[in-house]
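What follows is chain A paired twice: with chain B in the first complex and chain C in the second.
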Partner chain A sequence: MSLYVLEGLRPWVIQRVSAVYIALFILYAAWCFFSADAIAFEAWREWLYYPFNTTVVGIFVIALLFHAWIGMRDVVLDYVHNIMLRIFILSLLVGVLIGSGLWVFRILLLSVVGQ
Partner chain B sequence: MMDDQAGRFKVGRAMSDHRPVYLNLLKIRLPVPGIVSFAHRITGVLLFLALPYAVYLLDLSIESAQSFEQVRQSLDQPFMLLLQIVLLWSIAHHFFAGIRFLLIDAEIGVEKTSMRTGAWLVILAELVSIVLIVIGVCS
Partner chain C sequence: MKFKIYRYNPETDAKPYVQEYELDNVEPGTMLLAALLRIKDEQDQTLSFRRSCGEGVCGSDGMNINGFNGLACITSLDSLKQPVEVKPLPGLPVIRDLIIDMDQFYKQYRAVKPYLVVNDPMPEVELTQTPKQRERLDGLYECVLCACCTTSCPSFWWNPDKFLGPAALLQASRFIEDSRDQAFEQRLENLEGPFKLFRCHTIMNCVHVCPKGLNPTKAIGRIKAKMISRSL
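Presenting the complex of A and B:
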């Protein structure tokens, strides 16, 4: 299979760069969680819809989608050798990832639109 | 030449008769770095599978005060507590093992002994975090 997206150094680099961003985000999110006064609806909503947090969550989701795509793609390429089955599973992965991503962006954008 | 071929065939057969025809998982001794590496893969797949459900819970939690309470109550059910422990453990493992792989990529600790030390450090960090996770989730 010589599809461009399946080869080269580029995925390897994206995997590492996204990993660093995800790790930093996890530390930030954990710090916010443990320093919060209370875990309640209003506070949670305020946190997510605070512009800085909306932005870093948005970038986190993009990083996560690339990271998950490359990771799952490697797993599929290692264990699934039938080309048709491979294409089917990879398409399914893309669908799940893009679907999840768009769903999160809908949630984040609702804060800007103000529901 | 025919004999030669037959002879080789015989040797080949004799050798292949002693090869294991199945993999006994209990007899395979994977070195610690191998375990950490494989667990990194398993936890990655687990986290991917949880992704759509996590987004669904995110949506519910932000929609209204009622649905936020709904999420909170559903997370308190025994099965969901177990799921949270497994997924938080997955994040912890993926986090620590991931940092280890990044350091190895940067050619830090590539020698055999430090590879092993690094793998043990990951397991140690993970054991500490799983204790904290279980305490945090169940309290």
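Presenting the complex of A and C:
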């Protein structure tokens, strides 16, 4: 663990594994979307209520956050050479990603348990 | 035949400029190096570039030819669009005209310890290999260190002091694959971290320009595969 949060082989593997998972999830989600009887909030909520769907969506969000972190971190490492600016951007990125993740999980939780 | 050549002498020029030359009676099959030597002999003795063997073995005449890195001595003029634009290899400081300062390139090369590390007492005979073990070095040992690959790599342009670059990583792979080497663990350990190896984004410019037809991207992939199997 370092300033870059995950470095070397581990993020490289996570990036690829998460990419495969995201691709598979998109196919599954598209298939569910196009084969759904109704496209509405209630139908989506019902779909999400199935434990399988709750699990795959939850994993998808985590995979997406990791994938986004590693991808954006790579861009910053390539282009931003000033160390203080790099720390600032990476910190901001971590904040945005964690915030987005919590927000998504709040939405999912409220949808599953009901408001 | 027309040529546009990058010129820069830091002692006399405020900034680089492009100079045009024209050569008559260029025979078919003439290599670019021969043309540059003719320009130097017949028109402008101040034109500076490195060269040595003249047949793609020493790797000293690497330059950017019509936008692609290559060795002037094995680049036929027949294959080039006119005017032939010749520039120094990108990404490293220019010493003069087409001559670049390769210190950073060699620094990264030395960082991978490009030699066999043997901790056991040396045997009285050679360190032998089976034909199959030797075969694993094919596509890795042929590198002539011309720097065409490394200087065409955007990841190296962005982080020349941290990313080792395709040439050094090809050499790293060459010794990681060598059955006689005893520093396998240390070599892989040395490549960990976000920069040395993992700045490679598989852009593959290195593969496209290598005058020896080598594949540094594949070699980097082999290192990653070794890292994965080691960590499992």
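The criterion applied here is as follows: the second predicted complex is superposed on the first by the 106 of 115 C-alpha atoms of A that agree within 3 Å, B and C clash if a C-alpha of one lies under 4 Å from a C-alpha of the other, contacts with A are read in each partner's own complex, and residues count from 1 in each chain.
Operating definition for what follows: a residue touches a chain if its C-beta (ideal position, glycine included) is under 8 Å from a C-beta of that chain, and two chains touch if they have at least 3 such contacts.
Since we're looking at a predicted model, the values are computed, not measured.
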| item | value |
| --- | --- |
| Which partner reaches more residues of chain A (counting touched residues only), chain B or chain C | B |
| Partner chain(s) touched by A:Ala23 [first = chain B, second = chain C, both, neither] | first |
| Partner chain in contact with A:Leu77 - chain B first, chain C second, else both or neither | second |
| First (chain B), second (chain C), both or neither touched by A:Ile98 | neither |
| Contacts of A:Leu85 with chain B and chain C, given as first, second, both or neither | neither |
| Partner chain(s) touched by A:Leu9 [first = chain B, second = chain C, both, neither] | second |
| Overlap of chain C and chain B interfaces on chain A (superposed complexes) | none |
| Residue ranges of chain C touching chain A (in the complex, touch as defined) | 155, 158-159, 192-195, 197-199, 201, 224, 227-228, 231 |
| Residues of chain B that touch chain A when the two form their complex | 41, 44-45, 47-48, 51-52, 55-56, 58-59, 61-62, 64-65, 68-69, 91, 95, 98-99, 102, 105 |
| Contact footprint of chain C on chain A as seen in their complex | 4, 7-9, 11-13, 73-74, 77-79, 81 |
| Residues of chain A that touch chain B when the two form their complex | 16, 19-20, 23, 26, 41-42, 44-45, 48, 64, 68, 71-72, 75, 96-97, 99-100, 103-104, 107 |
